[in-house]
């Protein structure tokens, strides 16, 4: 990339020619305030907080969107520019509630932070609050619309990143607002509950439904046996909420904290992830051998499942019938585990800590009751768990590390990488290769399926067969592959689809703000965890072995089928 | 040692420890509001309640001492619910104006609300009517935000013994304030700002001058000259997430340049100048039988204090202006002359660890020909805000230096920031001048260190005109300690030659304008930073500062000379207080 | 071709229709039938004739009748058409009718010059033949046969024609940008989303001379290499839409549109796209969004439309009036055009003059006429007889010029040097009895209603300005309201996303300069 | 395929799937509806036909004042209140409509005949103050003329 | 020493009280009581003198004064009018009396007239319910079954007494 010369506040800099002014300023050590800008999204330039003065231009320009060009002279800190930014913020604040102290985003709110940075001490305009009722009928995503500041990040995330199209701007001018399709409730739209709108929302206008109270009550109740499972992606992200660097690997601190919170057993979804690989791997082999529907597509991501049921129901036969690891875990906890531990299953509550808001929806799907009870009772996001740790006063940075409980806490590196896009694929290939060829896989790091790209393709030789695989993350990327399948242009055998950008590490329940850099750090940590594991292939997990021996008998067997597999329903795309 | 069990974990703690301290030891955080470690334990706010087995009522962990065998639970439903309830009560009488509050995102109440997950305030109703003060130079008071934790009261009465504010009224209308809700300026308030430093919310805050500074910068007819005090360089980093004591000198100058100040200087230079003037004044007094002990006058909070409470000791006070004022005087005379600038066009700004400096800058005697030495003094916190406002990526700034000709400084100037520093710097220069030869050892460790209760004493042997003399010095920080020392002097029980007094505990590094929170531990780290900085300086004695030497040669003549007297010295008057009370 | 003894040119534009033109026409037809002279006399329905009420011109005499009512028709037919005696009492002002009948195009009504409105009122807009008879499509034929695209652009560039939509960007330059952007697909868009309060010039051009617009678009398309055009018309302009659609159909039939026009390689089609009632769609990128079927919110610039416009392709967006100049420039040359008007402001400008004045309507004058001349000579003073207080020029987002500044010349340079704009060419004269706060409130209400809501300053700012004006109107304002409003206006001007927010504050800033005292009357006693 | 008496399918078929004609489709469908609006069902059908996601479609209809997703009267009275009309007494005319129909701006009469709406400039400034009733224009209005105008619409 | 001018307050009693108490621990409340008893109210300048005398910060003196209901900073009028608003008096129209006194004296309950003559207070039951409604003045003069009409007379009586 060519460099060009640009003058910022009287100093000359050289920056790549494809930079925006915002990026150039960042390189120059000038942090420009932003609100509608988000690194994951197409710049919109509408909040006007990032305006700068460009010599020769009549009006100020939004630095987040304006490209640099040779010889450009930019001023970021003149009185007029600062006045303009402050006025824009004042105008936004004048229509925003002031009850920060009881807001879900208190102390993690971008608007609050900006108000502090701008040293806002007075709002001249009368406070005009829109009268909206809070909407939480979906049971997953709560919309506190009166806190919306019209930045449109959620709209762009929903339309452009996820192509779900459940949110859009309505009306215009000062009456403009974000609404779900046709002013309906979210659960009446195509919403997949992926939660990407939540992760980009700068204020408390969008958040998951807080279900921590229920969990506190169960923990408190001596008659209830509370079992917790943690998803693979939690251990690389929970640290951020506790003030650590992104990508801080905190598996053991996480376990220690959960014990301190008072959970009776601390288990690991990774165990179920290994199990998923066994079941899904065998399903793939079965399809390959018996001319089953190909390509087979993974089914771990509940946002993706709802998306598929809504927009691509014709591809239902392609999707693996395996439940997601969370649900496999729940089904086993209330059957296998209670049997082994001799506990009354009706007194067991299964709590999941998930990077995902759609998991809250998944656990309440009517078909997820194969254990005879609701398999998973409640799902908490990474953020909700962090809240619990904070309320409990646990000093996360100082806490001593502990290990997961057996047997549902034993796992391999193959399961750990479920948290990153490409991880399920890599884990499956590690097992499929060895099962088919009966030889040990030499290079276990299948780097061709890793990374942040939205669509990845690879061919892996498994015995005589060149297995063609594709991996996508982010639903708009999934569309690209799915349209290819529809058009009959895809000759893949196996496809991994994750709903959120980067996979579960970028999930809708993860710490805010999520940015490409943070996803990268979390992803690196995931592979670091894998690297550090002794066992790195699912079929080598001794606890899984025992499980099949003692309980399930064989992969795809009758019991497996009953507890670990499910089916899908077509949904209307224009509800 | 006692054994107790907290949340199922065994802890060994010393006898006399509180449950809170024991819990902190094992990494358990218990929320507090009215607690100031080591200073205030009143158990009033009820945020730190814990469940003690066998005790039907929840107990405040900050005041309850541990008993051997005690079993404590800090996180039961009852505890959580009660704490949350208490917090909701506090919030119910707290304004909902976070976004326009000075302490937004740095407010303890806000943080607590976030951590405890408060989501509704059930008791919105009447709000108590409390005082407000926008008229005082040093600070601003908004009683409506007061949550009655009394931390300010303790600081003002017990630590500083100033007694400007106290609890008033009772019940729902309780607040901490001045008598008759007078403006602080009409009370005995010294402006030290320790109340501001300890306020958990936005009830007490700086009287901000940020906008005036921006206006000066943006005004093309004004020349802005800025100086930064010694202690700011070891504390400012905290506002941007660095560890206390991290030295950010270079980034400060870089930031100033990016913000648009025209000339950038270092108060350390003026600290060196102060040492020259004060050192020679001391030598004169010793040699010519002047009033002893001589007492330093760098700390404006302290100057206000002595003028108010010990007017009879004013002759003991050094006539030297503080470094801030000396720097200001030099900017508008020496520097203006040298650069051919109209001093009337210069806006002299200082970044200080101190709220009292705002008052000092406005003292009528501090200037000449209708302009003041220093026009605007802002605190470390205000400066940090300005950096944030100008969107500078502070942590990634390159290191830059101040401008010539009055930017060069020494380690002696730097240590002004810590209690004992002025004394040490003065000794480094005075003893060499008295003895007439170089003294190798420059580390007078005896005057260093954080002493929050009482004062430090030291004796240094030297020779004056061939006669051996033991120079006795004392160093006190915190006005409570100063009071004790002064009472001793008043009683004739003190035979010191030289006394250093700083208004704030620990000296300027614990100043009222410093980053919040400021705790004992943080003060220690800041002090470490100061002495580390001193050690790394190439020159460590004020009289060896080449810029100072040039200044005397080109402009001032000699220390304590005529011009020096005119520009660098001042006089003091008794401050009367509560004079105009209505009958 | 059939021969007629007389032609009756009947103005059938919207205002005329309102005044009952339809009834007049029906009666006329009936009368002609009754008198059995249908075959001798032809009625030509046309656009605005520039008069009030129902007007007609009868050729060959060229006598103008105005304010005609159906009951006058009998007399007219009997006296004029049968007996050849003009009906004095219905005749328009003597001097002007002579000019028209003499065909002296440069000297029409009191210093008007007609280029854009050349045909409006003299041809039947629904008959392409009449347009052709007036040299219509000659310019298109000329460029297709004689000029390279680059040459066409040079002609337009040399003419110094500037955009008439308000921003006054040099048209030729705009074309050149698009010409220089390589793309297999380019678009020409005619911006006929005329929404500026007070302006209806584009409507009358489209209603009176739709083919001029179509011809110009074709010329533009040829010059920049486009093969598809859109005319974005306000949804409210029913008659314009119908006439434009008819004109497109006719042009297609005559192969002025479609494939291989004039047997050249050049092909060009036009579609009409309707607006939905959003002022902001007059902004070119918002307009493009709207054609794409989206919410009409403006786009980020750069990239500008000449590089990346409709459906991501290079696109020219020109105002109706701008386009209507093109055929004349091609036919008469750029120097001819440049000579009209003054330096830096070539050509003429169509103004709509409105408000409390005697002669309301559409005028086309050379650049450089003064506001005073317009007021005194063309508008002929206030109708109510009251003193005029100010003129609001350029529409609601334009500038307020108080009476004592009426000497200002209405050309681009002079206006720009006084920080003014003639915008879309409205001049609204407001007399003394209207209180400035009342007037501004109505302006504020308009912008509050029309802000698209995309960017903060405009969305919230227009709302707050309206609040302030409401308060001032109720005499409940505070002194600080006005200073805050000033700050707000400055920020909106500097930092709004598009021209709407940037220009919306113009009248308020002007009012605060010229009428601050009067505005202060809205301040409640004692409020700071 | 009809709904709310609008043959959406027929209207849609007149338009190619080419982009750029959504606005006209919306106009046409709305004009065909007796109640001057586009019902939710029609919206879905348009969405299916144009492949434009439903949420965006609603975004569009709510953006433009001429479209409505709520039932309106048989006649929509669109009253201009821009400055040229304002200075010539539009307010009194608007009030007269409000009084005469007994509804507020934005409401529909009980018999479903009239809906009152504010709108920006209609481009009828030469005959200000002016209103549009469906596609008819009325200009040079005075408050006392309102009654007769309303009477013309049955 | 009493000053001759008549505007100054004779602080000698206060100074004596302070002198006697100086140096003793926890003496402030006793001093406040004694001083208020003598001077009628703890005005700001009295508080300041106590603060100086006892070497206790004025803020603490003031804080203490405002904490206890008994202490007052406003000197009471020469005649303290107390209206009983106990239940018996209330049902017999005590609130009417309060309104009337407020009206006639031009002060609110708890205030003192500018001439320093009257203070107006309401009290809970004075134990004379059979006489309701009751008004007492300086706890000495007791007016029983007061009707609003009598108020002018009562006030005038004391005014006259003062004039003499």
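Note that the chains take the letters A, B, C, D and E in the order they are written out, and that residue 1 is the start of every chain.
Here is the rule we go by: a contact is a pair of C-beta atoms (placed from the backbone, for glycine too) under 8 Å apart; a residue touches a chain by one contact, two chains touch by 3 or more.
Here the structure is a predicted model, which means the values were calculated and not measured.
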Exercise. Could you run down the chains that neighbour chain B and chain C together?
Key: A
Self-check item: Number of steps on the shortest touching-chain route linking chain B and chain E
Solution: 1
Practice problem: Pick the chain whose C-alpha centre of mass, unweighted, sits closest to the average of all protein C-alpha coordinates shown. | Solution: A
Practice problem: Compute the centre of every chain as the mean of its C-alpha atoms, then state which one is farthest from the centre of chain D. | Solution: E
Practice problem: Could you give the separation in Å between the centres of chain A and chain E, each centre being the mean of its C-alpha atoms? | Solution: 70
Quiz item: Using the average of all C-alpha atoms in each chain as its centre, how far is it in Å between chain A and chain D?
Solution: 44
Quiz item: Just curious, how far off is chain D from chain B if you go by their C-alpha centres, in Å?
Solution: 68
Practice problem: Going through chain A residue by residue, note those that touch at least 2 other chains and give them in order. | Solution: 169, 171-172
Quiz prompt | Multi-chain contact sites of chain C, meaning residues that touch two or more partners | solution = 278, 295, 449-450, 452
Quiz item: What is the complete set of touching chain pairs?
Solution: A-B, A-C, A-D, B-E, C-D
Quiz prompt | Touch list for chain C against partner chain A, complex | solution = 278, 280, 295, 300, 302, 448-457, 459-464, 467, 480, 484, 487-488, 490-491, 493-497, 502
Quiz item: Across the complex, what residues on chain D touch chain C?
Solution: 19-24, 26-27, 50, 52, 56, 59-60, 63-67, 78, 81-88, 118-128, 130, 132, 135, 137-140
Quiz item: How about chain A: which of its residues touch chain C in the complex?
Solution: 43-49, 51, 59-60, 62, 65-67, 80, 83-85, 87-88, 91-92, 94-95, 124-126, 150, 169, 171-176
Exercise. Give every residue of chain B touching chain E within the complex, in rising order.
Key: 156-157, 162-170, 177-180, 187-188, 578, 581-583
Exercise. Show which residues of chain C lie in contact with chain D when the two form their complex.
Key: 14-15, 17-19, 194-200, 203, 230, 234-238, 271-279, 290-297, 310-311, 352, 354-356, 360-362, 392, 396, 426, 428, 430, 434, 439, 442-443, 445-446, 449-450, 452
